[in-house]
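Okay, so chain A shows up in both of these, paired with chain B first and chain C after.
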Partner chain A sequence: MSRRVRLGLFAVAGPGLLAVLLIGLHGLPAFGDYHGVYGLLVSRIEPSARHATDIVTALNFDLRAFDTLGEEFILFASAAGVALLLRRMRDEASVERASGIEDHRFAGASDALRLASLALVPLLVALGGYVVLHGQLTPGGGFQGGVVLAAGPMAILLAGRYLALKRIAPQWALEALEALGAASYALIGLGGLIFAGVYLKNFLPLGTQGTLLSAGMMPLNSVAVGLEVTGAFLLTWTEFLDQDLLVRGGDRT
Partner chain B sequence: MTALQIAALILVALGGTAVVLVPDPLRQTLVLSIYGVALTILFFVFQAPDVALSEIVVSGLALPVIILAALRKIRESEDEHRRADGEGQR
Partner chain C sequence: MSYLPYAVAAWLFMIGLWGVVSSTHLVRTVLSLTVVQSATYLVLLGVGYRTGAKAPIVADIPTKSKLVDPVVQVLVLTDVVIEATVTALLLALVVQAHKRFGSVDPARLRALRH
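Coming up: the complex of A and B.
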């Protein structure tokens, strides 16, 4: 398409889009004007019926727990897909061959950066664990905590110790972590089917509102999702970085 | 709407425009992750801390790492093609 045709197309489509947008914006309710009955209902029943104080987690892991099951398996399938596709391109021996590049240095990475990244690792892991475990109490939960947990080991990469990362989190362990998380979520749901008669229905005691072990099965679900997300993210990242750092590094040395 | 919310909206508008306008993919990745932080602030001031928590890790770390890895891979294969072409001419 030539430049003139493209400009002509834009001259027609641009104002058209603007007109549709303006009409749409005109019909919007005023800012902060909330008419959702569902949201109000959820905020009212979840604290009393399930003893949860974070409504978003209550929605994800209780009211719409089945949706979360689907989402979890989307993540599981995509991480597995990435691993399958990329692994074909890597031969298993390359990790051993690349052991000479134990300490790869990023161009311009200073000692201060390396030290700071290593100091970040325990902090990120602690924060991630906190967010996962307090899902039903404060903002956060399995997914949010899981990504923070996965970010912890990734700081080791910033410190230039990618092979150390591969040793503490080998591929099989990440796969196992991901599968364990996905399976436990499905099994917790099965518990609901057995003890409460409905798949993913709460069957555990509700506990005291505001304590760590409250809100029935929400903390368990949160931990399951946290494990799955940590595994999936780390697996995807390390598969991509293997392509970069190991396959190439192995060929060079 | 509070001043903080307006400021966050403007920040996101500027950030999004900046991401589109940067021509080099490598720099674009960094601008994108800064834009992600702007989005995180937006979610936070609009009272969605759950979304803000996921956004900050996904856009600050998850996405850039994968894009950077992919960029490096692309550059590497381009180099190989160029080398192969050079040998063909000789």
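Coming up: the complex of A and C.
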């Protein structure tokens, strides 16, 4: 379909879709006037039943724990998909051993930026770890903290040291990290099946509300998801960067 | 005024869709799709909002406080994960399309013509 036909079709279908959309949105409760009982019920039950203070995390790792398992495996499958799509083709070569790449610099990156980027690495890792571990207390958890954790090593890229990043986080290690995260979440669920009779049901002591080791198995789930997300994001990002920085050959040269 | 967030969501949805349809660069197509998806965040969070309510964190607030709906917030979290995975896979396909056809203009991809 040519661009002209596509635009013509949109000129007709677009306003129609917008009209349907507006009619549909008009049927929603007015902004700020929500009366759903499910959320209210959860907000009342979760703090006393699981000793968590962040209800979003409590939902994620308790009531919707099985959905989160699926969500985690979506991420797992997607990282595997990206790795598969961006694999080395027969006519492509890796230039990892070529000279010059070790000190790959981004155009215009000053020494100050490179130094500041390296200083960011420990800060980002610390913040990521904090967000992962405090998921049951404050906004955060495995998914959010995992992305921050993955951003830590990526700051090495900003410092212009991509091969150093590849040495610190080689592909096999990222794959192992990702697999470890996914497997431990599934195994924690198995613990629920054995000790509490229901898959992914809490089987650990609930602890004191508001402390780091509270809310039963939520901190464990959070760490498992955090590892999985860190691995999956770093794997995906480095796959793309490999394409740009390391892979040569095929039709591109 | 009380429907403003939904109106913004509808606008984001349509402007993103326009981006997908009118795009001459596949990366722009993928990014436009993320704009479409961001409309869903706004609808979900907008639906769960209650006037004067607090964030669903029950530390340091009176026990009878009004809270916004945490269920839709969890759905947004799932939504964000899905968006990240879909974007990554689509961009990987764009990289491969560029290798195969030497172009990222959808009109110039031989396999997509006709």
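Methods note: the second predicted complex is superposed on the first by the 212 of 253 C-alpha atoms of A that agree within 3 Å, B and C clash if a C-alpha of one lies under 4 Å from a C-alpha of the other, contacts with A are read in each partner's own complex, and residues count from 1 in each chain.
In this text, a residue touches a chain if its C-beta (ideal position, glycine included) is under 8 Å from a C-beta of that chain, and two chains touch if they have at least 3 such contacts.
Just so it is clear, the structure is predicted and the values come from calculations on it, not from any experiment.
In the overlay built on the shared chain, the residue A:Gln243 is in contact with chain B and with chain C. In the superposition on chain A, A:Gly140 contacts chain B only, with no contact to chain C. After overlaying the two complexes on the shared chain, residue contacts for A:Val131 are found with chain B alone; chain C is out of touch.
Contact with chain C, but none with chain B, is seen for A:Asp67 once the two complexes are overlaid on the shared chain.
In the superposition on chain A, A:Ala151 makes contact with chain B only, while chain C stays out of contact range. In the superposed three-chain model, the partner touching more residues of chain A is C, compared with the other of chain B and chain C.
Once both structures are placed on chain A, chain A residues 31-32, 54, 56, 139, 143, 233, 236, 240, 243 are touched by chain B and, in the other complex, by chain C.
Residues 2-3, 6-7, 9-10, 14, 17-18, 21-22, 25-26, 28-34, 36, 38-40, 42-43, 47, 53-56, 58-60, 64, 67, 71, 74-75, 77-79, 81-82, 85-86, 89, 137-139, 143, 210, 233, 236, 239-240, 243, 250-252 of chain A are the ones that touch chain C when the two sit in their complex. On the chain C side of its complex with chain A, the touching residues are 2-7, 9-10, 13-14, 17-18, 21-22, 24, 43, 46-52, 55-59, 67-74, 77-78, 80-82, 84-86, 88-89, 91-93, 95-96, 98-100, 102, 106-107. Within the complex, the chain A residues that touch chain B are 31-32, 54, 56-57, 131, 139-141, 143-144, 147-148, 150-151, 154, 233, 236-237, 240-241, 243-244, 248.
Residues 1, 49-50, 52-54, 57-58, 61-62, 65-66, 69-70, 72-73, 76 of chain B are the ones touching chain A in the complex.
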